[in-house]
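Every chain is named by a letter (A, B, C, D and E) in the order it is written, and numbering of its residues begins at 1.
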Amino acid sequence: MNKYLLYPGCSLESSAKAYAESLNAILEPLDIQLEEIEDWNCCGATEYLGINLIPAYSLIARNLALAVKQMDGAHTLVAPCSACYLNLAKADHYMQERPALGTKVNEALAAGGLEYKPGTLDVRHLLDVLIYDVGLDAIKKKVTRPLSGLKVAPYMGCMLPRPDYKHRWSDHEHPTELEDLLRVLGADVIDYPLTTSCCGGHMTQIGPETAFELICRLVAGADERGAHLMATVCPMCQLNLDAYQGEMNGYFGTDYHMPILFFTQLMGLAFGKDPDELGIGTELVSSRQALMHIGVEVPAAPEPTARRKKEEGLPMPSRLLRNGHKHEKEAVR
Amino acid sequence: MTENFEPTIIGFTCNWCSYRAADLAGTARMKYAPNVRLIRLMCSGRLDPTFVLRALSSGADGVMITGCHPGECHYIEQNYKALRRYLLLKRVLKGLGIEPERVKLIWASAAEGAKFASETTAFVEEIRKLGPLNWGKARDQLPVISEPIQREEVAA
Amino acid sequence: MPQMTDERVRAGLMREEDLSLLHEVSMKTAGVSRLEMCIQCGTCGGSCPAAADMDHTPRMLFAMLRAGMREEVLRSNTPWICVSCYHCVVRCPQEVHIADVMYTLKSMAIRAKLYQDSTAPHFSQTFVGMVETFGRGFELGLASRHYLRYFPLRLPGMAPMGFGMITKGRMPLAPRKIKHMTQLKAILKRAKHLELTS
Amino acid sequence: MTAKPKFAMYWAASCGGCEIAVLNIHEKILDVDANFDVVFWPVAMDAKYKDVEAMEDGSILLTLFNGGIRNDENEHIAKLLRKKSKILVAFGSCANEGCIPGLANLSDSREIVHTAFNTISTDNPNQIYPRTAFDVPEGEIHIPNILPVLKTLDQVVDVDYYMPGCPPESHQIAAVIDLVVQVLQGKAELPPKGTVIGAGNSTVCDECKRTRNVKVIKSFERIYNMQIDPALCLLEQGIPCNGPATRSGCNARCPAAGAQCIGCYGPAEGVLDYGARLISAFASVLDAKEPEEIDHILDGLVDPTGQFYRFNLAGSLLKAGVPAWKAESTHEKEKV
Amino acid sequence: MSEKKLERVGVYVCHCGTNIAGTVDVVSLAKWAEEKLKHLGVVVAREYKFMCSSLGQELIEKDIKELGLTRVVVAACSPHLHEKTFRTAAKNAGLNPYLVELASIREQVSWVHTDKAVATEKAKAVVAGAVSRVIENKALEEIKVPINPNTLIVGGGIAGIQAALEIANAGFHVYLVEREPSIGGHMAQFDKTFPTLDCAACILTPRMVEAGTHPNITLLTWSEVVNVSGYVGSFHVTVKKKARFVNEELCTGCAICQEKCPKKVIDDVFEAGLGYRKAIYTPFAQAVPKFPVLDKENCTYFIKGTCKACEKFCPTQAIDFNQQDQYVDLDVGNIILATGYDLFDARRVSNYGYGRLPNVFTNLEFERLSNAAGPTSGNIVLRDGKTTPKSVGIIHCVGSRDKNFNNYCSVICCMQGLKFAHLVHERTGATVYNFYIDMRTAYKAYDEFYQRVLEEGTLFVRGKVAEVTDAARYEHEKGKLIIQVEDTLIGKQRRIPVDMVILSSGLQPRHDAKAVGKQFGISCSTDGWFTEKHPKLDPVATMTEGIYIAGCAQGPKDIPSSVAQGAAASARVLDKILQKEVALEPIKASIDHDKCSGCRICNGLCPFNAIAFIEDDQVSDINPALCQGCGTCVAACPAGAISGTGFSDEQIMAQIDGLLFRNLLPVEA
């Protein structure tokens, strides 16, 4: 049995509950034990770093320090969220690279009776652990319902393969890990050159036009290549692509319907788990249609009653004619 | 006690890189601390730890060893031998109670006159902080002790 | 010190001490920024997915740092548009830690109160406020506060989304608070003190 | 009857093994008696310092002086015997290079006294320490003062010949006695002053029967932790053997018995610092290039200072560790 | 020590105009030396305006003769500048030149310090060190070794060919060893050469033929050096001649075998993977020598046991399936390494899509594509083999000037990019973009070529390309390769759709350069190129006497520079050959066999293999001709049995004491 410390991150308690549920569902078949860090706090996402350097790193390092206290044999800290993963790894890395920072952060931690010696923990993302510790062979053995016929766009996002301090991934631009995993699950993986392009990050909150543009590129790219759905490894990516897809459609006047599922949900399905157990149905862009390709029936969830699309009297422009959108965008400004 | 202390340092250079770096620092009129006196060897691999011990026992407060960067030795790989001797020598010095920081290995290529100058000045400052070594200055006839000493004194 | 001329002002060279701006930013950045090493090749500006919305590309910003154009740099929207995708970071031929430099510029802009549009700083500060209060993120609180202030007109369009999130249990109505909030507060208090004194 | 040449032997700071080694030459000891008039040899016969003091300068032909100079009594006798002797031989490792007593040079001399009189193995509940001077009804009596550092014989007086070893091997002692006897009989000549006698010119490897290859050290091992190849060079097996730097003359007894040479015969001819030679030699053949790898290998070398200076500390270039020198300066201050 | 007879030392302090005298009190320095170093043997100390002038030298010569000086110290500039000058002067006056020491009080004192008192004090220490040292100097004689007039050249590219022809034309024999079946190197693969646009084959093949037929050149192609021993003047080299399976005595080079061979193989070497060859082949039509080689891995007969089509059709029965590798032993006096470069693997820059996006080509692929003798007969087409591109983007600095890959500039890429732009424009009329960081067109007629390409209408975008993608965002991007870049001159991100992308992949050291360097006893820089003896003043010699380097093995360079280096290396070799013998610096290590215990610590330390173990005597021994004098073994010998001339323990110890004023009278310390 592989035992790891888990840093779930805030999203897994809220917007990415499906990620947490599906992760729980696949632990047992893969013989993994995850022990949650007690009383962990938010990693600060991409926000805190832009305000105050030392408090931001101290906030992150508190989690590392708590994890060390709780180590008990395990020294790998797993984060399922790419942003959390990067922040934790970054704090560990920079505290080492710049000892002055490490000293200050530890001074701050001391105020809470904690300390963290950089390099003590091995901070890794969930996908990394599944592929390189559990192994594709072991995963393959658990597949009872191959996802054959399901066209999946593998979407890795930014913060997982980059900046990649410890050189864990096959490439910064076109890593193959997620693709390999989905293939093992039997899925029909499409060639998706945008696999590490950006989902917009916090721009959905502060500069929606920018975010919609980035979301549109990704969704359009997957749609154009015939994907039934996109597999993601990060709650922030899922939230942006799923929850803001409707608003994005409204903004550009497009009508994409691209479900965004966590890779763990797809693993659960391939392992024969019940969709309910995997949080399927909590996505806003329903995967119901897509999952029919593998014969999975998802009970129709009550769709939000509010109108999603504004009625337009004029003909729709073709999907990729987005030079026009630029004008529209400028007009909005 | 150290504010007026001017350390005396012996520096070993290799003929191909660091000595040329020193030459370059000169040609470029870069100013650096005057406390280091250089000895030219053909290669840092020639550096016998005996030289370092001799320098320390003859009154030097520190010893600077310089050579070509790893992988750039003009004798292919002899500077790695210097590195290994240096690392072991530091352990021995520590065993003798001498601050290992009194001996420092610096890589400088023939083009790194500026690095040579700044590293030299930095090392002089490090030694200044450590204070004089005074190795065996009072080596000759010395008074003896006979009074019993207190425990605390020993502990201290 | 040479007399400040109009020409210098127009060129953005406001003060003599601004000439060390590049160094200042470099020193304030976590890790080793290597900012001094920029060769102005434009890999960052070319790589940026959001470059179209930036008033200056990152490369230009670095050139402006060299020129000591403190105000212009801190007024730029560029750091706020940065989505931290790290494409520029891994592609930069000089290994400049661009994303971290952006974080530094954000915090400098907040301190200098020079940003043009307060949306982004407000969002960051609201988010941080939540974290400092509860120890964890609180999306509903964040969203309602932030949107009410900055995007009230966007709210109707977002209603279906918010409704969906809540009905699907993806947006808890109450914040979750960590147990040892006092410990976290003590750490942050000390950290803030260190930040100010460093 | 013509007077036989005079012979003396003295035991300063040492364990006494050298004296035993002299007796261990068996019947050869009779040659000493036959050819010499033993005038002073505290361990073997009764004699008073004042008898020696009364002798004419240079009247003793041969003095074997063993032990380092630890206290002022040692120093006094060394100077006295120098004056009275034609040939003064530094006999054994202590007189040559300080040996084990010389390791005390790593400590402050007060600390040494403290260790001797007030540690767990000493029953001294009243904390009684020796005084150098003490009044008794008969008057003031003195015991020798300890010197801050132990010195080798030639750091105190001029020495004619050096005979290394801890102790010198009996066959070497016998050979030296043979030589002196032959010189007395006019059949041989004395070697030039300063020569090392009773030892070889090369190092222990010269006499070691183990097979040697191009050296590469991948790790340092301790002898009890591993199965040792009986025919292969110990150093090549990672055992830190001091043989390559240690003067030959012992017939490589330790390596032959499967234990590493610890260096009791001291440095080879002309070597200025024994430890430096070994530091350089060992480090040169480590199989690593990166500082971390090198350090990893070196971590296996427990107590490098002890490894390289077990016998030679007092005779080395630095002669002592910091505490000893520190002690000197503090004492000096106290005196002022 | 005290009974040793004192040497008679002369100390000469140079003012170097004000260079030294401005910061060091030269007058008092000389006076001090005369007084305070008298007990060491200083009998005279003088100062003079310019010691290196002929008058200054005469001053020393006169003193040597008249005062009977036995040692000389000149306190002046760095020994790297004038050591030779003063040693020659001593020699002229009858004093062994190695009894002269230079004390550097200019580079190490006057130029780097400002306070006169402090500088003078340091100068005193430097002089005291030099005086103490020079007393321990020994008279040395240069070692002379005879030079074998034969030369080995490794690598048959343009640099190697040039060097071979120069030496052969001078009347000496050359062995030219080449790993591939033909000489010609990378240049033979090119189409045109910048900036003159000469056809590469047209100017190269005559040279190849000349080298192939020259009576003084022995070609050893399809061969590799497997062992090197010896030293300058007498190297012994073993070359492995790989089996060609073709009898060179019988083969006429008619090429019928190639025609008849049924097995087609992708040619990864000469055609850069774009074209095919047969299992028995000459890489190109003008190959020298003309004999084909049979590639055993792909030959049907070797795989399946039947076929032998080549044998059946060969008119001279030259095919020999039983041929074995041969080992040839050569004796040579000098060696030139012209082993060239490897191309950077563009797949490593994954954001440029090479290997994933079909219409991204490398520079070498493009050379073959535009070469009339190449797979498309010179038609510039996309990977489908037929479509002519309407727009082409040429990306500079691929893998070069990039800390993620190679740190250095590959030198040729800018001009190569311009050449490609011209060729694309000329042959296809396509719109051409050049994406560059800095345009580097130094050297004769290069910038003029840039002007010409500008005139032709090539579009230049200053910016390092961020990515090449097939993910279209807009309609006009569909089906194209989109080059995303910041146009740094307008400060905006641009997306430029093109049909074809050409990557100017950089040059990098041969994958086996380190091993080859070790074999020949020379070193590589951090980047992996062979290290020259001096980057400016001795660019083709190496630290190992008798081994020279030329062409890209030393660093990236274009054809004219490679040719110049080939010629330069040959001039150095001819100089050695004509001298008939070579004098080696007498800075050498030697082992005292009486002291050596045969512990073998030193055996593995010498990178020049100068230390051998004499099994019979159980002692180690140093071959003085191989010894380069680094002194590593001297420092390592645990028994103190190894000593080194020129930098002996005694000299260095004395210098340490001198520098620390330990030997002043009375001892001041």
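Here is the rule we go by: contacts are C-beta pairs under 8 Å (C-beta built on N, C-alpha and C of every residue); 3 or more make two chains touch, one makes a residue touch a chain.
Bear in mind the structure is a predicted one, so any value in this text is a computation, not a measurement.
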- Query: Which chains lie in contact with each of chain C and chain D?
  - Reply: E
- Sorted by label, the chains bordering both chain D and chain E are B
- More C-beta pairs touching across which pair, B-E or C-E? B-E
- Message: Distance between chain A and chain E based on Cα centroids, please, to the nearest Å.
- Response: 50
- Expressed in whole Å, how far the mean CA point of chain A lies from that of chain C is 22
- Query: Rounded to the nearest whole Å, what is the centre-to-centre distance of chain A and chain D, using the mean of the C-alpha atoms as each centre?
  - Reply: 72
- Out of chain E, which residues touch more than one other chain, so two or more? 351, 467, 605, 632, 635-636, 649, 653
- Which chain D residues sit where two or more other chains touch them? 272, 277, 280, 284
- Touching at least 2 other chains, the residues of chain A are 172-173, 197, 217
- Item | Touching pairs - complete list by chain label | A-C, A-E, B-D, B-E, C-E, D-E
- Message: With touch defined as at the start, can you tell me which chain E residues reach chain D in the complex?
- Response: 594-605, 613, 618, 632, 635-641, 649, 653
- Query: Which part of chain D faces chain B closely enough to touch in the complex?
  - Reply: 71-72, 106, 109-111, 113-114, 117-118, 127, 129-133, 145-149, 272-273, 275-277, 279-280, 282-284, 286, 288-289, 291, 294-295, 298, 301, 303-306, 308-309, 316-323, 325, 327-329, 331-332, 334-335
- Contact footprint of chain D on chain B as seen in their complex: 48-50, 52-54, 56-57, 70, 77, 80-81, 83-85, 87-89, 91-92, 94-98, 134-139, 142-149, 151, 153-154
- Touch list for chain A against partner chain C, complex: 10-11, 13-18, 39-42, 44-55, 57-59, 62, 90, 93-94, 97-98, 101, 104-105, 107-114, 158-159, 162-164, 172-173, 196-198, 200-203, 205-210, 213-214, 217, 243-244, 246-247, 250, 281-284, 301-302, 304-308
- For the chain A and chain E complex, residues of the former touching the latter: 171-174, 193-194, 197, 217, 220-221, 318, 320-323
